Amino acid sequence: MGKPRVAIFDFACCEGCQLQIVNLEEEILDLTGAFDVVEWREAMSEQSDEYDIAIVEGSITRPEDEERVKNIRRRAKILIALGACATIGGINKLKNNFELGEVKEYVYGKDSEKPHLDTAKTKAVGEVVKVDYKVHGCPIDRDEFTYILRCILLGKEPEIPEWPVCVECKAKGNVCVWEYGQVCLGPITRAGCGARCPSSGFRCYGCRGYIDNPNVEAAKEVIEKYNLDIKDLKAKMKLFGSGYEPTKK
Amino acid sequence: MSQQKSKKIRIDVKHLTRVEGHGNILLNATDGRIEKIEWQVPEAPRFFEAMVRGHSYEDIQIIVSRICGICSITHSLAATKAVEDALGIEVPEQVDKIRRLLHYSEQLQSHILHIGYLAAPDFFGTPSVVPLVGKAEEVVKTIIGIHRAANNWSDVIGGRTTHPITILPGGFTKIPSEKEFKELYESLKDTLGKLKSLASAIETVAENIPVFERDTEYVSLKQTDPSVYTFYHGDITSTDIDGGTVPVKDWHGVANEYVSDQSTAKWAKWHRDSYAVGALARFNNNAKLLSGKAKETAKQLGLEQGCCNPYMNTIAQLVECVHVVETSLGLIDEVLTEGLEEHRPVSKARAGKGVGCVEAPRGILFHEYEFDKDGRCTGADICIPTNQNHANIQKDFEKLVPEIIDEGEESIRGKLEMLVRAYDPCISCSTHMLNVEFVK
Amino acid sequence: MSGRREDRSIYQPELATVRDRKMLNETELYLRLSMDSGVLEYKPGQFVEVSVAGIGEAPISISSSPTADDGFELVIRRVGNVTNAIHKLQTGDKVGIRGPYGKGLYPVDEVKGKDLIFICGGIGLVPQRSFIKYVLANRGEYGQVTIFFGTKTVAQRLFASELSEWDKLEGVEVKETVDKPEEGWGGEVGVITTLIDKIDKDIRDAMIFACGPPVMYKFVLLALEEKKVKAKNIYLNLERKMKCGVGKCGHCQMNNYYVCIDGPVFCYSKLKDIPEAI
Amino acid sequence: MGIKKISKDGFSGLIEGLIAETTVIGVQSKGDKFVYDLLGSSANLRLDYDVTILPPKKYFLQPAEILLRFDGEKYEAEFDDEEFVLVGVHPYDMIAINQIDKLYSEDNFDSHYMRRRENATVIACDVARASENVFASSMGTATVSEGFDILLTDIGDFYVAESATDKGEKLLGKAEGVSTAEDEDLKAREKIQEENKKNLNKHKLGCKPSELPGLLEKAYNHPIWEELGKKCFSCGSCNQVCPTCYCFNVQDEVNWDLKSGTRKRVWDGCLLDGFTKVAGGHEFRKSRADRIKHRIYRKGKYVPEKIGGEIACVGCGRCVGACLTDIANPVKIYNRLIEDIGIGK
């Protein structure tokens, strides 16, 4: 078999994850050496309908996008969800906390009924089609992305951590940001980012989604210890993947 | 003409490539008569202004950074300025300097991405940057070198290249160490050299930049005290108000946004039917304040104040690259001489309303928020540069197409695509505009 | 291997060559290997860490008897990354081997002269086979040998022809059972304990060796208790997650014992004090 | 070997000299906390620290370290041969290192760890300031008598410096400002050490450390494990910061040629989900309660049984501070057990 053919597609998102692919710089040449990149709208003009691997960035927010992603799924042997918007719905899911008509009207006012402004409940890609691999994060971690690609080439199931961000944070010797009064979601968020944010002194806001088995009871305990309002924790937990919904579907 | 067969042109570019976000170009013409010419934005709308409501002032930056992956630092800074304005938070002098350094890093990151990866293939006649390696390897290496330096720059101050994680209302969670600043200084010096050789390379293909002019209004920030080529502070100015300024808080009177049938993004107009923002607008308003080497680069590439060839925006970006790098060398010097001060800001919620305005790589950007007494957001209004350019792109199309209608479909298509790319549109971020009136 | 022990890494695999391979059923691969640098010396009950570069390592029991002189044998069930990769190996390919490991082994000498009963659930036959073959090679030194082998389906049976040959030997009895029988199946039907229940003689002096999935042990031990077998006469071959095989990584620990260095074969009288064992 | 004293200036000079010729790791401040890090100047060294965020273990058993490289055919073990000086190790951390030395050299000799250990020159120092959660006094780890090359005790303008090895002796020999330790100096040192034996005790253990294995013997089915399990995040922070935890995971990574690459070991923790999970999904120690119990038993019973009775908790108190839900404190657990079931037979 020749090189696997890869196509990259985007849906509703900031395209920051694709940008991380561009940010691979020279390593892109390794990537294009191992794969045939046949379509990548953000970076090249070539387009193709034939591919083995589809990399899909962004959330599904419109009926027509649902059709489009189903179509992509039909053609691809392997589908990779790229980044939080695709894996868990990401920031786009915040919209689901409101009534849709109201959201449209808030943004577009009297014009909100125009058909091209239509929108639907935000879904992660996995809520519409089967996803084979997830590259978590907002944005994705470049090393994790290429690691997963190499695993696919090797026929190996990538080892994505089941444990929370605290593990990587402690190994780095960071000062826990709770001590600075920040509500950090590290204890319930899936590791793999190298505890990016706490390593910069910033709270983890859960962009990689929650671990399979988060202990919400324990979280309440901490909120009490730090004299905080459980509402604060709930609001923070809504930021990515909008809340307490399971992040794996 | 005796020919019986009418000559039809049908251009329908769906999802224009090598731009950030989705845009379509539609042209129908018969025998040189234009029936329809449209710039459309079908990107899925994302409704940020509605989504931030109810969230704490602390989390606004996290949310709105996701408007755009390419200018996430700019959005984060604009939002943070607006939050600080609303909550009455003071920012120490040094924090302000380091923020400007961070902001400059993104100008370089974004500009070089556009010049090198998205526009250069047009100049050199390849479909993307990958085949360009074969054609002009040295140029690609230079581009990659600058791009990496820009990314590392954002990384060291912002915590990562995209969606920064060090910015808090009032300051930073963490600032670079002295050693890191010194390394950054060296890397920027090196970058300045690389920019010079890139400018020379671009000079060799400058004849591929189409000659086209359309007089329009150029809007940007302007700072008078002190007088600098600004991206971060200042008031609103325009080529139509003769050096005058409008305070940032009155921005609604500038970006008179409206919804077009062609677009999920909103459009804007001020003194005329349309206006332009971005590197060329900043240049046209502030060129005299550019750094020495930036002025030289402008001269080398034939860019003069008053230029109204939209294709030259890419050149203006290159000039700005030189400017931000050269200016940052001075800023780093200042910061190191003053000595680094760790300062962990603490902020408190209160009710208020505030505006934050900065120049995104693509042009002037407005963020406005209102908070209740617990610091929860009750209303938001964001106006993105690309939106302010949409109408101008449409007007350019309308003037350009008749001028080139005889060049044949291929050439017309190429020039239209290249025109849109020259604006470096950031479409994904432009698709969540809102009411012109602030919603209470 | 050089002189100072400091110069060697206990994590460094040595190369072995695949001499023979065949699929025993849909998921189990048989491999015969030989070390490139000489002979692997091992005892029944020991295991090796099989290493595939880039994928990882998996602990795998040695299935052959040290009395065999033609390399050593492994049987690998395909369940995950490493085992999948091992399944791709072809004759002549190289693979990394560390070991042999394990110090809690079959009490080869202590049980001489005794009747032996092997209770094997599925792939549990694989490590037991090493001792069974050892016993058969030293036939005169041991008493009656009984082998119980249970699988879920007929298709999952292993070493079927070997089993029927053993069965023909003097003083050896092989009994098989499957959970789900099919047309033409001549053996027993039901879980492996049905074979234990059907033993009609006194086995209080026999030595019992059991190996199978974790759930099997509970039921087997109950059945043996019924038969009044003493804990000291029962040996279990345990499995745990392992990352090093040499008593450092901590994954295979059950209370104060490490399966990798204290096992993998444990006498049940000891296991009774290890609540995490079963 | 001998006991001398060295002036503080002399010691700074010694450190400066070392920095010029080799890798020196020392305790430095990070915000209002302390960390071990590469030392750029003796002025940054903070021997008056209370406790470091991570124990010095990270220089011997690194958070992530390459064990081997492979090229598609062969495996090549990788060792770290860089010599370094580690300055500022507190007695309790020294004792933790001594314990891991035993565990990593006995039985199967771990040359990756042991080489680093041999490459290191350790300058320990008596505690000058008690940390918020230290309970070394309770664990008998407030002072240390072996494992280091030099042990410093701050007695004002001087350090009393005890060299315990040739390496230590030689090092001191290079320093200026070294003189004989007088009786009064030794008394001053003894006073500090005696005080530390009493005062590094923010959590008071209600029994002798040697009684802990016996206590745990009887506590296996105590309800406390379930109670704590309910509040545990399984975040493994208590494992990660502990000087005596030494479990690891092993991971392979390949380069783009898909052939060459590295095998690494990375810190793991018995509190984490999946620590005992095998192919097919079976997890041997699935409940959080059981995992918390395992950690406490490992520190208080299992490891001691392996290393001749020493308790594998040195009372540094790091886990107490690292646990967000305040349940990791070993003393709290032991005291509760003492209260409920008592020590003695």
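Going by the order they are written in, the chains are A, B, C and D; count residues from 1 in each one.
One rule holds for everything that comes next: a contact is a pair of C-beta atoms (placed from the backbone, for glycine too) under 8 Å apart; a residue touches a chain by one contact, two chains touch by 3 or more.
The structure presented is a predicted model; accordingly, all values stated were derived computationally and were not measured.
Among the chain pairings, A-B comes first (most C-beta pairs in contact).
Of all chains shown, A has the CA centroid lying nearest to the centroid of every protein CA atom.
Averaged C-alpha coordinates give centres for chain B and chain D that are 51 Å from one another.
Inter-chain spacing, taken between the CA centroids of chain A and chain B, is 25 Å. Centroids built from CA atoms put chain D at 38 Å from chain A. Taking each chain's centre as the average of its CA atoms, chain A and chain C sit 44 Å apart. Each of residues 154 in chain A touches at least two other chains. Residues of chain C in contact with at least two other chains: 54-55, 80.
Counting only residues that touch two or more partner chains, chain D has 31, 251, 253-254, 258.
Touching pairs of chains, sorted by label, consist of A-B, A-C, A-D, C-D.
For chain C in complex with chain D, the residues that touch the partner chain are 5-13, 15, 51, 53-57, 79-80, 83, 94, 96, 214, 239-241, 243-244, 246-251, 253-256, 261, 275-276. The residues of chain A lying in touch with chain B in their complex are 11-20, 22-23, 25-26, 28-29, 32, 37, 40-47, 58, 61-62, 65, 90-92, 94-95, 97-98, 102-104, 106-109, 111, 114, 116-117, 119, 138-139, 180-181, 196-197, 199-202, 205, 232, 235-236, 239. Those residues of chain C lying in contact with chain A across their complex are 54-55, 80-81, 84-85.
The touching residues of chain A, counted against chain C in their complex, run 154-157. Remark: chain A residues 27, 30-31, 33-34, 146-147, 150, 153-154, 159, 162-164, 166-167, 170-176, 178, 186-188, 211-215, 217-219, 221-222, 225 touch chain D in the complex.
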